[in-house]
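The chains carry the letters A, B, C and D, assigned in the order they are written, with residues numbered from 1 in each.
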Amino acid sequence: MSPDLSLELCGIRLEHPILNGSGTFDAIAAHRAFGDAVDERLPFSAYVSKTITPERRAGNPPPRLYETPAGMINSIGLPNKGLEGFLMEDLPDLVRLPVPLCVSVMAPSRPGFAALVERVGQRDEVAAIEVNVSCPNVKSGLIVGEQPGETLALLEVIRPLTDKPLIVKLTPNCSDPAAVARAAAEGGADAVSLINTLRATGLDPTTLDPWLGATSGGLSGPAIRSIALDQVRRVVAQVSIPVIGMGGIETGADALEFLALGASAVAVGTASFRDPAAARRVRSELVSELVSRGLDRLPSPHVPSTST
Amino acid sequence: MSPDLSLELCGIRLEHPILNGSGTFDAIAAHRAFGDAVDERLPFSAYVSKTITPERRAGNPPPRLYETPAGMINSIGLPNKGLEGFLMEDLPDLVRLPVPLCVSVMAPSRPGFAALVERVGQRDEVAAIEVNVSCPNVKSGLIVGEQPGETLALLEVIRPLTDKPLIVKLTPNCSDPAAVARAAAEGGADAVSLINTLRATGLDPTTLDPWLGATSGGLSGPAIRSIALDQVRRVVAQVSIPVIGMGGIETGADALEFLALGASAVAVGTASFRDPAAARRVRSELVSELVSRGLDRLPSPHVPSTST
Amino acid sequence: MTDRVLAPFGRRRCAVVANEATGGYRLISALDEGGPPPRAGQFYMLAGAGWGGTGGRPYLPRAFSVAEAEAGADGVRLDFLCEAVGPGTGVLAALAVGDALHLTGPLGRPFSTPCELAPGAAGAILVGGGIGIAPLAILRRALAERGVPQRVLLGFRDRAHSGGLDLFRCSEVRTASEDGHTGHQGYVTDLLAVLLEGDDADSAAVYACGPAAMLEAVRELCAARDVPAELAMETPMACGFGSCFGCAVPLAGGGYMRLCVDGPVVRAEEIETAMVAGSGH
Amino acid sequence: MTDRVLAPFGRRRCAVVANEATGGYRLISALDEGGPPPRAGQFYMLAGAGWGGTGGRPYLPRAFSVAEAEAGADGVRLDFLCEAVGPGTGVLAALAVGDALHLTGPLGRPFSTPCELAPGAAGAILVGGGIGIAPLAILRRALAERGVPQRVLLGFRDRAHSGGLDLFRCSEVRTASEDGHTGHQGYVTDLLAVLLEGDDADSAAVYACGPAAMLEAVRELCAARDVPAELAMETPMACGFGSCFGCAVPLAGGGYMRLCVDGPVVRAEEIETAMVAGSGH
């Protein structure tokens, strides 16, 4: 008998624990390349949109990609149609996906975040909102997700604006992600997700100038998996809300490692670039891993005794 | 004609810019394995000792190593003979090395650091002291190197205790290494070195428990090189003292990338495990890189206009 | 506009059926049992088995224009022309017959027909440079099958950077080379300039693929003479299906297109420049 | 104590001259043109060309006991017995004749002679388990050349986890196997226990290499009967030359030794336990 992969995450029923990492699978563009098969066989149990911002953004100048040992750096720069463009053009298109929809949002100010959360939260098509806090607060200059205080202050503004689950996407570029996770939980976040990419740069091998148009970017892929595992481990130990783990997941065994450390769900990011259907393979490998261990369901997510 | 690789670092004349990363080459043990060839053909222009602490330490329980994609995690735990043991047993042995000696020190308190710096600084055999600030301050609980304030306070205590160059070894596990570097420079450090390892963990593939005896450890090797390059870039832009860059250097081209970003010197760490003489190869590849670019000397280290 | 052929969702494993040197390049053929025949101008994301190698790269797959495709009983034989310039192309160039080739595709927007480009365009001028001749081979055949008259102009830097001419065997090809080892000594765009000064300018559409500087020269020549042109461009790609936003090419009107889904074949007037940072060798 | 042979400083490139299946293992031979003949019990750090592979591993070299060594005119032929259990051993097991094998060594502390271990010890009992029989092959020959009388006891889990017996061809070998496919059905330590109950206990030294649990059983048997014993141990190693401090083995008196420079051959009484975390398969 096949193990039961289903779970409930922030009140949302999911068929299995594998999501996509925000910004690593564009279901609309993928539909142009692969047609209806993308929707029919979407390998994710929930679909997380690329991060949207209040205003339309073109993104960073090219080049935007740099391959590294066992990973890649991206400096994409959040190109998106802006809140209105997303609601009018993309959201209606995403509704055809057979899974719950989570919209990722980011703004350079608290009022900007507030507008995003409020407007997105009003839409019935949206099951959850992921709050990407890797952006500097234009007023304080501080990067929200690097500071527990900034994160809590942001949550205090946006939490009252919606009943939808709020998932805070943590940044790994700080000394204590667990402290930020605690602040998020204290501020009423329903879950945290981690890790986002690590700040990195690469040089043009010929000129020795920084290769990326934006000078530096974020590292993802297997190179960062062991860092992600450690941050997930630390965060799980300190919050009682669910944790969505990601960073370099390539195989079912990798996914199981995050789940075994207490993550409730996982996300496949960069691996989808190597194979658009990678998450489907990850899922079937996860099933095999469970079967070979004689398990008929997922490890139960760790709930620490010292919850906030 | 062969390019001139020599440089002056904190007043110390070095034949070339390639040092060893602290804790990655034990000249005494290597002598047991390779005999006098180690001293005669030491591939480093200065020798950095493994970090010593005030008291003798046995180190962490095994296992202490975990291999990752393009890198490894170590949880060695600073085994060392303690200050007295080092001065009496190891230092006399290290004097036979044909290069300047830099002693790496770490303590869990400012008085502990003070004792190390003062005692080590009194020894003529010692050319410089590397101050490893990745340790928590037992009083404040804060990790010194993660906090500019802690770093400055430490420098204020130890700077007056020696005339020897003080090199502060930064930790990458914080949101703003450049701020810590600025604090070090402000406190009178003569140079900074970076990056140390990134917090990471790995699981036993069979039991899914953390593999390392100490649960987590530090990631090194090519996987972290792009992170190291970015931190070096940011630090170089903000301090006018020399920067020693390291993290995943495997080839002469890698070394040149750090130098091109403004590092004054580089260190080879984990690569020495793959080949004890790796740094020699790095050096000759660096020469070839310079020759093929028509350069007769190293790129001049970047000195930012906005110096502290 | 000629419709793109959709790719099956997910990458698939094919077997390498041939890998031969042609000049300085390799002609790698794989038997694709799971995908449809591609259109000229489309590409595939290719990878060997697994990933990693000396230096930990390649990690990502690499984009390759399909150079020729032939549907048979067992599947579609796909030909790729490969210039080994780094770890990714190096792994592919070293594949042996029987080895696994993992591919996703066909991807991207194909070439249009001349009359799709301009009502008056009856003939085609194909301009290829270096490894960029690959997609022109399948385009030439596709156009020939439709009876479109065409001229093929191919340029190479030197002998080491040339090859694949056999793919064009049944057509008249004019060549140029910077070192003069074949044809006109100079740039392939010199040949194009001459052609466009003749009658062809009024009735032809230009199709070009090659180094960024060549494409930019083609774009300027065609713009100056109002000749419709399509360029098959290159830029580093991580995914090939519109998901990473890494393949940005500046649009004439501002902003960027994603070359993998909005290209790789673009109308010359769509883009701001063909000199996209990061796309050179 | 028998002195270690020093290694040349730096790793060197050798050519694989043979790679043959032997039972469930591979016997890999390389011609070392740059190093001295090793002593029994010493090991080498081995790696294929470059690093990385599917999954980005192996990155580090892997430790291998030398199973046999023969100095010839062209260099020293080194034999390694390899059990492919993961990415590192997998790469090595797949090497073809002519491929590069990068090695550093000989490293570590070799076996002592029986009389170095105890003045009264005149004979040797060699106890090997699984892939751990490797260093006993070269030890057997070295002892035989000195005329030391010896008994060889080798144990295997099952047919898939056995091989390399040919390395012992000119000596009397008693075997045990857990599945009974060869010799005594049970543990090799059963054979040792019987021997130690006889006369041998007074005049023999025991040399053992194998899984941690087997070594621990040997240690206890020998301790109970006051038989001097040397164990060739294993633990994950990054460097092999004392620089990473990764190969910690708990000492009887507290603290740790570095197995790569203080071992891999240790006196049974030196260590706290042979059951070192991380050293199992």
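Assume contacts are C-beta pairs under 8 Å (C-beta built on N, C-alpha and C of every residue); 3 or more make two chains touch, one makes a residue touch a chain.
Values in this document were obtained by computation on a predicted structure and should not be read as measured data.
Under the contact definition stated at the top, the chains bordering both subunit B and subunit D are A, C. Among the pairs A-C and A-D, the greater number of C-beta contacts is found at A-C.
The chain with its Cα centre farthest from the Cα centre of subunit B is C.
Computed from the mean C-alpha positions, the centre of subunit A lies at a distance of 34 Å from the centre of subunit B. Per-chain CA centroids place subunit A at a distance of 48 Å from subunit D. A straight line joining the Cα centres of subunit C and subunit D is 56 Å long. Shared interface positions of subunit A, defined as residues touching 2 or more other chains, are 68-71, 222-223. Listed for subunit D are residues 51-52, 55-57, 59, each touching two or more other chains.
Because contacts link each chain to all the remaining chains, their graph is best described as complete. Of all residues in subunit B, those touching subunit D in their complex are 23-26, 28-30, 32-35, 37-38, 41, 50, 58-65, 67-72, 74, 76, 79, 211, 213, 221-223, 270, 272-277, 280.
Contacts from subunit C toward subunit A in the complex involve residues 4, 6-11, 47, 51-52, 55-61, 88, 102, 104, 107-108, 235-250, 254-256, 258, 260-261, 276-279.
Partner subunit B is touched in their complex by these residues of subunit A: 66, 68-71, 73, 143, 146, 173-175, 198-203, 205, 208, 210, 215-216, 219, 222-227, 229-231, 233, 248, 253, 256-257, 260-261, 299.
Every residue of subunit A that touches subunit D in the complex is listed here, in rising order: 69-70, 222-223, 250. By the touch criterion given at the top, residues 52, 55-56 of subunit D touch subunit A in their complex.
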